[in-house]
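Note that chain A is present in both complexes that follow, paired respectively with chain B and with chain C.
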Partner chain A sequence: MLVTFPNMGNVAFAARALCQGLKIPYVMPEKNNKDTLRRGSFYAPEEICLPFKVMLGNFLECIEKGADTILFVGSCGPCRFGEYCELHMKILRRLGYGNVNIVVADFSPEIGIDALRHRIAAISDKSPVGKLEKLKAVKNAMIIEALCDRLDRIAYEMAGYEVNRGTCKRLMYEYKAKILESKEPDETIAMLRGYLRKFGEVKTDLSLDPVKIAIIGEIYTVIDPFSNLYIEEKLMDLGASSSRMLTPTWWVKDLVMKPVKLNSPNINRAARKYMPFPVGGHGKECIGEAVLAAKKGMDGAIQILPLGCMPEVISKAILPSIRRDYSFPFMTLIVDEVTGEAGINTRLEAFLDMLGSIKKRGGSGRKHNLTKMEPAGSLLRRCANEADRKELFFE
Partner chain B sequence: MIIGIPQGLLYAKYHVFATTFMKEIGAKTVASPTTNKSILDEGVRYCVDEACLPMKVYHGHVAWLRGKCDAVLIPRFMSIRPKEHICPMFCGLIEMVSNHIPDLPLLIDTPVYSLNRDRMLIWAKYAARFLTKDQKTVDAAFDKAIMRQNDYKPGINDEGFPAKVALIGHVYNIYDSFINMNLVKKLNALGIGVLTGEYVPGDAIEDEVRQLYKKPFWSLAREYYGAAVYIRKTKMADGIIYLSSFSCGIDSIITELIKCENDEFPFMVLKLDEHTGEAGYDTRLDAFSDMLKRRKTKFARYVS
Partner chain C sequence: MNKELYLGVDVGSVSTNLVLMEKSGDILEKLYLKTSGHPVETLKNGLSRFKAMLGNKTEILAAGATGSGRQLAGLLIGADVVKNEITAHAVAALSVEPEVRTILEIGGQDSKIIFVRNGVVYDFAMNTVCAAGTGSFLDRQASRLDIPIEEFGGYALRAKNPVRIAGRCAVFAESDMIHKQQTGHCNEDIIAGLCLALVRNYLNNLAKGKEIPGPVVFQGGVAANVGIVAAFEKILGSSIVIPRHYDVMGAYGAAILAKEHIGETGKKTCFHGFDCVNDNFSVKSLECKDCPNRCEVVKISVGGELKACMGDRCGKWNCLPKDMSMNA
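Moving on to the complex of A and B:
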């Protein structure tokens, strides 16, 4: 059995660490690239959303390298994501890969906990290691995910404050390259902690006061840099500071907390006025984050969605009301396989220019709720200490 | 009080219930006219560009009702069967409408969670609260409305045409002859009878759906998939036309699932949006009808 998994931002790193810990052979998917997408969209139905196409491309690449088992997560609607696996299976079968097994970890109550256990057992039975070791592998994978997300978050946010432009980006690239070299989850964790420390040493100037942008929108496209045309890295280059709440770590937490309705209470509260009912996907989160960002005193937000994404279309319809109520500027970026990079760059620069000039004029007249806002420096100062904290994930 | 009922989306399916119920509790009702050019234009103006055509049309209907009624009935369909969903767009419809159309009257937007009797009765009580709080009136109105609704059996099953196609897709595409550019009439003129999904027995649909790895969690999608596969298997019709709208997430999956099942059987997806040109549409219909007839004669030759 040769396992593989879709590549979605840092998730692949965690999945890789899991396989390492369980001592199961795996194929690491390539970094998403144009070929992945080209191949995926060639075989996928034309009108399906972008994440499906990229993932299909991932799978095909890995299957060619010999993978025969795909790890995947599922859900039960109302959005299309829950139907992905069915369609992936059909397409793979049609392409003659009927022997490939897709193991769907579906957490929805409709499927039932037994089925879930059964499916997970199919993988874990193949692992030669003992029970304790398995648990440790899962825990390590989660810690790695949390560390990666934290590092990214620091990098994106700190980029606006760095004295030497490009330091954060370099560090980020460095750690991502190093993960792929490490053979042991423990080794990876130590390395990542080291990088947290390194970020703590980056020279920053808190008086720079860069433009601060919230990244909101559909979860796959905000998390996967390739799908959003590396927008966060572009913002880093332009000297802006960006932050987003949706990360794989958040996703897992949300999943665990949902049954007891304790998932992201702040987001839900903020969204209630504009979207009292959930619309599937992460439409409600998008609205909630926009409101929170406006209240926190960020300068603007960029909504990223794949073409035809239903929940985000609804959010897009509601965002103008938030713009009006908080005079909070937005930019919407709709991505699909033909989105051109050149057009994005000009739009992004224009948007930043606009935000910059609003800032210079002394803000949009919006009442900044500064007490609620995290002081810009605190995150930076914290990261050095965080390197030594153990349970990052459950903080 | 005058209640406006927009003639879009699931109106085609449940209007009997809605109208009867509102009348029985003492309201006057006014429905928007069947879709026309100006309604479509209004809808396109008010709705987000990325939404599907039926949503845009619905916006047009709501906009038309402004000033002609005291309240508009827009039930928020969260789901119509337990543990299933409709479409995300339905869940957020109220927000889209209320954020984009100015000068709206009161919206009766009570959510619908399931179409079983108990849940609907709760819905009815809540939706009626502006008009009457009297339990008996509501109950009586509810029973009458349910009875009428149960008597109402939409669906097309033409007999006596040389060929027959099954028309599968959302009711608001199939029964709105403006959006689908008189599809049924056009097919009839080509000598093709039409059969709609309502004529496929419910348990047959269940059987087909059970073959899937995962049961689709969209109630409507489940029906369309099951109906299409059943029709193909039993040859209830000579071909299938799936009437879909651009940027409909549900259709993009369902058509693909049907297609995978389907290799030989004539199957065509017609996609609608506000830019669909009538000429190209007619050409595709002609081609499809030719193909059907050719297949039929070929088939007849084999048999004889």
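Moving on to the complex of A and C:
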């Protein structure tokens, strides 16, 4: 058995660590690139959303390298994500890969917990390690995911304050390259904690007042840099500070807390006035994050969605009311198979110019009481302190 | 004494525009050239024409570049400011009409709408998926009907009974036009119908139902088309302002931004001088294979010497000259 998994930002790093911990052989998909998309979009239905095409590209690449088992998550979804795994299976069968087994971790009650247990057993039975080792492997994978998400968050936010433009981005690239070199999850964790410390040492100027942007929208396209044309890295280059609430860590937490309805209470509360019920995907979250960003005193938000994403299209129509109520500027970017970046660069630069000049004029004149923004200094102190903390995930 | 001037260039998809601005902010000279797929040659051509016009009795105090080819142009001339075209257009419109609230801009490949409040841009939109209303589509229809583009708008004004054309998509619009033609409608009515359809499309796609407060300024190459102007006035129900130099507003904005930048920082300009047209300017592209990102890197060398690399994500190739402020 040779296991593989799709890319979604740092998720592949965690899945890799899980396989390492379980001592199951795996194939790591290449970081998403033009080839991934070319492969995927050739066989995918034309009108399906971008994440499907990219993931299909990941699968095909890894199958060519010998993978025969695919780890994937599914849901009897309220958006097209629900049909992903079935459609993937169908396409792979038609391409003559009928022997490839897709193991779908599906948490929906319609499927039942027994089916889930059964599916997980299909993988874990192949692992030669003991029960305790297995639990440790899962825990380590979750810690690695949490550490990666934390490092990215710090890098994106700190980029606005760095003295030497590009330091944060270089560190981020560095740690991602190093993960692929490490052989053991424990080694990876130690290395990532080291990078937390390194970020604490980055020279910053806290008197700078960069433009602060919230990244909101469809979860796959906000998390995967290739899909959103590296928008967060571009913001780093332009000296802006960006932050995003949707991360794989968040997704897992949200999933676990959902049955008891305690998932992301802050987001749900913020969204209630504009969207009292979920509309599928993460449409409600998008609204909630937008409101939270406005209240936090950020300068603007960028919504990213793949062409044809129904839940995000609904949120997109609601954003103007948030804009009106909080005078909080938005820009929506719709991503698809286009890899030409001139258009997106122009929009991004213009949006930053706009936010910068609004800022210069003494802000947008927001009437609402702003929740106090975390000063940048505490962010730095925190990342140095947290380097040694054990349970980042469950904070 | 040497005459002191500011230079602005706007390298767009269809046209390359150059402006020489005096200290007072007036435009001394302007050039509107077709890019025809050769941005570097066109820009060089423009600069040598300026040089011939001015002789040696001038000094360029600052230079700015904008348009989709702004990076390349900025490197070639040694621009002090390299700015996106939305900001450049807004700055230019504000200097012509300080009270402006809405800026309509339609260029060769893209169209924009910019909303201004109290002299600050507070919202903008740019066409995303379709180039139906833009200059290149109008160009194509004019040549299909065998009408010079300069006279195209005039036909619309002479229409008695504009026909209905689908404006949603360029391909549908063209099929609709051909159909109406075959059923015997005259060119005037079809062109007037097309202008109305394009304006409807523009307002639906970009303004998206937002209020369009006046004064409205209309700029970009398409503002020369009287048919489109009339259609805008008809649909908006108000008159619109067309600046005198509507066709070079992007370049004008770049010149103003360059002047402001130099004024604020007190630096000396990085402008290479008009003789830079003689430099051997070459661009090579390669695909970096060092990581799965596979960035398309562009290497720019002047006179055999590597000046800059662009297009990489990790920063390994990136060596933009330090003195060029990218988002000043």
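Just so we're on the same page, the second predicted complex is superposed on the first by the 388 of 395 C-alpha atoms of A that agree within 3 Å, B and C clash if a C-alpha of one lies under 4 Å from a C-alpha of the other, contacts with A are read in each partner's own complex, and residues count from 1 in each chain.
Definition applied: a contact is a pair of C-beta atoms (placed from the backbone, for glycine too) under 8 Å apart; a residue touches a chain by one contact, two chains touch by 3 or more.
If you're wondering where the values come from, they're calculated on a predicted model, not measured in any experiment.
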Fit-or-clash call for chain B and chain C when the two complexes are aligned on chain A: fit
Which of chain B and chain C A:103 touches, first, second, both or neither: neither
Touched partner set for A:334, first chain B, second chain C, both or neither: both
Which superposed partner A:191 touches (first chain B, second chain C, both, neither): neither
Which of chain B and chain C A:170 touches, first, second, both or neither: second
Which of chain B and chain C A:47 touches, first, second, both or neither: first
Contacts of A:33 with chain B and chain C, given as first, second, both or neither: second
First, second, both or neither for A:275, with chain B first and chain C second: first
Larger contact residue set on chain A - chain B or chain C: B
Angle at chain A between chain B and chain C, C-alpha centres, nearest 10 degrees: 80
Gap in Å between nearest CA atoms once chain C and chain B share a frame through chain A: 6
Shared chain A contacts, counted only where both chain B and chain C touch the same residue: 334
Residues of chain C defined as touching chain A within the complex: 68, 83-87, 110, 118, 120-124, 126, 128-129, 291-294, 313-315, 326-327
Parts of chain A lying in touch with chain B, wherever the complex brings them together: 45-49, 74, 76-80, 82-83, 85-87, 89-91, 93-94, 104, 106, 110, 274-275, 277-281, 283, 307-311, 313-314, 316-318, 320-321, 334
Complex interface listing, chain A residues touching chain C: 30-35, 166, 169-170, 173, 177, 230, 233, 238-239, 329, 334, 342-343, 345-347, 349-354, 357-358, 361
Chain A-facing residues of chain B, complex: 47-48, 50-51, 76, 78-79, 83-89, 91-92, 95-96, 99-100, 111, 212-214, 216-218, 246-253, 255-257, 260
